[in-house]
Amino acid sequence: MNEILALASANLLSPAVLFFALGFLGTMAGSQLTLPEAVAKTLSIYLMLAIGFKGGVAVAEHGLGIDILLALGAGVVLSALIPLVAFALLSVMARLDRVDRAAVAAHYGSISIVTFVAASEALRVAGLSFEGYLVAVAAVMETPAILVALYLAHAGGARPGANARSGARQEGLLSEVMLNSSVVVLIGSFVIGFLTGPKGLADIGPFIVDPFKGVLCLFLLDMGAVAGRGIRSGWKHMSPGLVLFGLVMPYVGAVFALGAGLAIGLSTGGVAILMVLGASASYIAVPAALRLALPEARPSIYLTLSLGITFPMNLTIGIPAYIALARLANG
Amino acid sequence: MHTFAKKQIQIICERPILKRVQRHLTEAGVKGFTVFPALSGSGSEGEWDREGMIGDAGQMVMVLVVLDPEDLDRVLADIFDVVSPQMGVITISDVAVVRSDRF
Amino acid sequence: MHTFAKKQIQIICERPILKRVQRHLTEAGVKGFTVFPALSGSGSEGEWDREGMIGDAGQMVMVLVVLDPEDLDRVLADIFDVVSPQMGVITISDVAVVRSDRF
Amino acid sequence: MHTFAKKQIQIICERPILKRVQRHLTEAGVKGFTVFPALSGSGSEGEWDREGMIGDAGQMVMVLVVLDPEDLDRVLADIFDVVSPQMGVITISDVAVVRSDRF
Amino acid sequence: MNEILALASANLLSPAVLFFALGFLGTMAGSQLTLPEAVAKTLSIYLMLAIGFKGGVAVAEHGLGIDILLALGAGVVLSALIPLVAFALLSVMARLDRVDRAAVAAHYGSISIVTFVAASEALRVAGLSFEGYLVAVAAVMETPAILVALYLAHAGGARPGANARSGARQEGLLSEVMLNSSVVVLIGSFVIGFLTGPKGLADIGPFIVDPFKGVLCLFLLDMGAVAGRGIRSGWKHMSPGLVLFGLVMPYVGAVFALGAGLAIGLSTGGVAILMVLGASASYIAVPAALRLALPEARPSIYLTLSLGITFPMNLTIGIPAYIALARLANG
Amino acid sequence: MNEILALASANLLSPAVLFFALGFLGTMAGSQLTLPEAVAKTLSIYLMLAIGFKGGVAVAEHGLGIDILLALGAGVVLSALIPLVAFALLSVMARLDRVDRAAVAAHYGSISIVTFVAASEALRVAGLSFEGYLVAVAAVMETPAILVALYLAHAGGARPGANARSGARQEGLLSEVMLNSSVVVLIGSFVIGFLTGPKGLADIGPFIVDPFKGVLCLFLLDMGAVAGRGIRSGWKHMSPGLVLFGLVMPYVGAVFALGAGLAIGLSTGGVAILMVLGASASYIAVPAALRLALPEARPSIYLTLSLGITFPMNLTIGIPAYIALARLANG
């Protein structure tokens, strides 16, 4: 228990979380602490490149086995399963129409790579390591959730008109999602890291390893500001039930992931990371895909939930909780 | 200077459907268009602001098309079908140009 | 295609007063607007250029508002009061739209 | 509100000739203009997109000039000479302004 | 004396000042050496984050005492006092109307954080350190100057029409200034640095310490280009008296700060930094605030003075002079 | 031979080239892997600043001699000569009108600094060093090619109308080219590196040396994406002859440079670098200048060739080939 508290306070008092809080609270107070869009985009590419590359190097060092296939399979299953659970929960907890429920569900089945990054830092502080290939698992978890959500949206016959042009709308959707630049950079860097191995890491480590934490702080300042702005403008669209969903759903996803992680025999750190993937909600690939595929769904709902409620919760309380749970379970 | 009457369509639409809009414009035989980035805005779905954002969702752009009045209805109908299920605004206005053959 | 006549107000104003302009637009009951970044320009107060700048002063933006002709005078009077002591330019033009009810 | 009729020239031109365009506008006695960045586009010379680019070639900008109808022909002729050998588009439209003396 | 010359030439031949000169002279010659706006803004946030954080860590290491309150008080007094002096000097040295004089005065009462940063590098070269909390003093010096200047502008009844909407204009001005992102990032990073201490610095040092000087060079290349452009376009608005003011006023401000610094017992390095704060003129927070509060004041005057004349003078000659004076006085 | 293959595969499997390939192939597959324009521009300034500065420091360390003048002269001659050869070759290999031929020729006489950067990394891996002043040679090679190309375009009487306004068009062209920011940053940083020497490098090394390779990777990801996009949209303007030209011309330029490098007695690494300069084609300064000076020339031809065909070829196969040739020739 003491250990859990120590973990939680170490996380809460890390520069990364404090910079997030600065952005969040400063924005709430009325300041504008965002970075320019061009820079925010670049920092997210940097994080993806770094985390992908390091994952690839880790796999190159430890070798490629059947376990990676198992983990990829677990990721796909989780990403397809969690939206179903989220959809069902939402039906109980909030008054949303089908399309909005499906859209929200897609976000929770998918993942947030920044939460992944923050969790990997927290693991390092806690002295735990994780399987490098989990980066690839993160990448495959982007897509299945969207497909399941589209099915959910249309299964019941979506809002009138929604199906009318849905043929046109789905044109190229799948490739659009799978070729989303964040997914490609993540997977591509993973492969490059795998190909160039520790020698490659030595080459570009001073760029992707040494300043990594600092860049993360700057990025989280921005994310905090964006989350704060989301809450400010999106709050009126939230009901108590929705807020509760945004706080509870991550733990539901995490528990499913815990089961999956134990089943495929991941290390403690690996289980924790898989839990973070299960718990986190997308805010890059999925929202863009849904604007194409489900334009009737309201971003003011799904983005406020994913960025304004779930992301801060995961970053502050969620991550140490998942690590603690993984320790207990794998203990 | 002698000028010719043309039409300008101004499409404020979501970034994720830009490719689709461009494809439809090209297929409708439009001879050119230019895309401009927007910073922020407000509409029936609430406010948005690009500062600090990383994804494409929630970005609006403006596509400007200068075209011959003859082509207006056809292009407009096509584009309206694409844009109307999404957020955004289409306006049409009168403009004059110096070289008629280019539009 | 059947279209409806609307008005478009184009406000080129300083970035530091943008919040104020937006608030006045919203209070005047405007249903939407979009803001575009400008790069550089020139006017009675001389030239400006955003390249390399870090502060908000000296940045101009363009706010585009499509609205019903009925609302024009009211909105214009209000915004003119806000913008006229500052640098900037307001123009009004005629546009047509497809869906009348949105403006 | 009482308004005055003016003209607006909209010049979509290549970034490398922007300085030249600005010089000609200033020499033609224009009282002001504003430059906007474009993101991407398509025309007779094919498509372009600024994403990822580092040089000035292949960047288009839009110069907006509000001016008195009296000055239109002179300014237009001058600018047309500069822009027409290059890629780009010039359009003229009617606008109204509140303060006549500034243009 | 030799020592002073050594200091001056070390400063003038530092990469940072040379890159500033490259930007300035290149622009004068007709080249465009600015960075894109999005990047320039981000670099200024980076500098603020880094300097704030390091200041906070320094305070965490050396402890918090009454001296920090004294210094904050001194900063507020200086920031309120210097505009009065500047306003009076301007009345003698230049033919400007009241509003422009007040606007210029506000800039000189406030501070330039980049000059602060450059000075802290020069101090390190000179082997001097300074009190970490002076970062917080820099932050509090942004605001009082603006309020005093507004009083000065309106005291004599500003230009006709200027008061007309001044009520509306002042709406939210104070909070606007105090929530200006540069101030919030500076103070926020200071607090985070204080909270996380040396451990936090070890974490993000490879981002905010190691590459700091290099980033400063890149930023000063841009600042030089902006200053050069300012001189090119603003020169016609300058009179000899104004130029002289821009060159002399920093020394006046520095002398006031010298007195204050000695009075509250700062170290030699601390006195020099306080002099730099007194001497430097704002070009971020104050211009933005004045566009709201005093739109009749002409940016072509205040920005040319602050960015085109005072900033280069401080960067090249001012900083070594202030250090030398602080050494003599604190002897 | 084995050594050549080792060199080639080390190059092909370096993170830098792999990230270029990721950008290129990802774009071909339909993904958008470009960086925002503001960031891409900044990275190119960073690379220029870093490479210029390091070159200047190298000269400061090894001293300034007559050899630098010789090398500058060789650079000017190569830059003026290569366009003549390219123009002649194009007349044989492709059906282009005079203006387009001249425009393409200008690009091949000029240089690509990113290819230079990539080559200098490959040299380091191969254990070779090169004369620092070759950075300055790169800078002087930007301009002569343009002048020669303009002469070629007009010598035969360009397309009707092309001469009409050519007076107006040439206004300020030369200064425009020589003051192009990329040239000024390169030369300026070279001079600053020379003035501040190893001490300056120690100061800003953690910014311009340590993360350099990593930044290069990120930049090449973007360049790959831009090149891929260029091929996608420009492919229809390419004829087999043109493609062949884009693949062969670099070797022609390299051989001329080999001769020049041997003649002036460069080291093996220096010869290789000069070959890279001869072989590479511009895509920053020259295209911008030609839009001013030869607006009738089609960017869809010269940019597709230089960025889409020659740049990738040089980066992957060219660089190791030039190094191998330099080694063979310099014994």
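A, B, C, D, E and F are the chain letters, set down in written order, and residue numbers restart from 1 in every chain.
FYI, a contact is a pair of C-beta atoms (placed from the backbone, for glycine too) under 8 Å apart; a residue touches a chain by one contact, two chains touch by 3 or more.
Bear in mind that the values here come from a model prediction, so they are computed numbers and not experimental data.
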> If you take the chains that touch chain D and keep only those that also touch chain E, what is left?
Replying inline: C, F
>> Report the chain whose CA-based centre is farthest from the CA-based centre of chain C.
In response: F
> Which integer distance in Å separates the CA centroid of chain D from that of chain F?
Replying inline: 34
>> Using mean CA coordinates as chain centres, what's the gap between chain A and chain C in Å?
In response: 38
> Which whole number of Å gives the spacing of the CA centres of chain C and chain D?
Replying inline: 18
> For chain B, which residues are shared contacts with two or more other chains?
Replying inline: 36-37, 93-94
> Could you say which residues in chain A touch two or more other chains, in rising order?
Replying inline: 32, 35-39, 41, 210-211
> Could you list each pair of chains that touch, in label order?
Replying inline: A-B, A-E, A-F, B-C, B-D, C-D, C-E, D-F, E-F
> Across the complex, what residues on chain E touch chain C?
Replying inline: 32, 34-37, 40-41, 43-44, 161, 165, 168-169, 171, 222-223, 225-226, 229, 233-234, 237, 283-285, 287-292, 295-296, 298-300, 303
> How about chain B: which of its residues touch chain D in the complex?
Replying inline: 1, 3, 6, 8, 22, 26, 31-37, 61, 64, 66, 93-99, 102
> Inside the complex, what are the residues of chain D that reach chain F?
Replying inline: 14, 16-17, 20, 45-47, 49-58, 81-82, 85-87
> If you look only at chain A, which of its residues touch chain F in the complex?
Replying inline: 36-39, 41-42, 45-46, 49, 53, 175, 179-181, 184-185, 188-189, 191-192, 195-196, 200, 203-208, 210-211
> In their shared complex, at which residues does chain E touch chain F?
Replying inline: 13-15, 18-19, 22, 26, 29-33, 35-39, 210-215, 217-218, 221
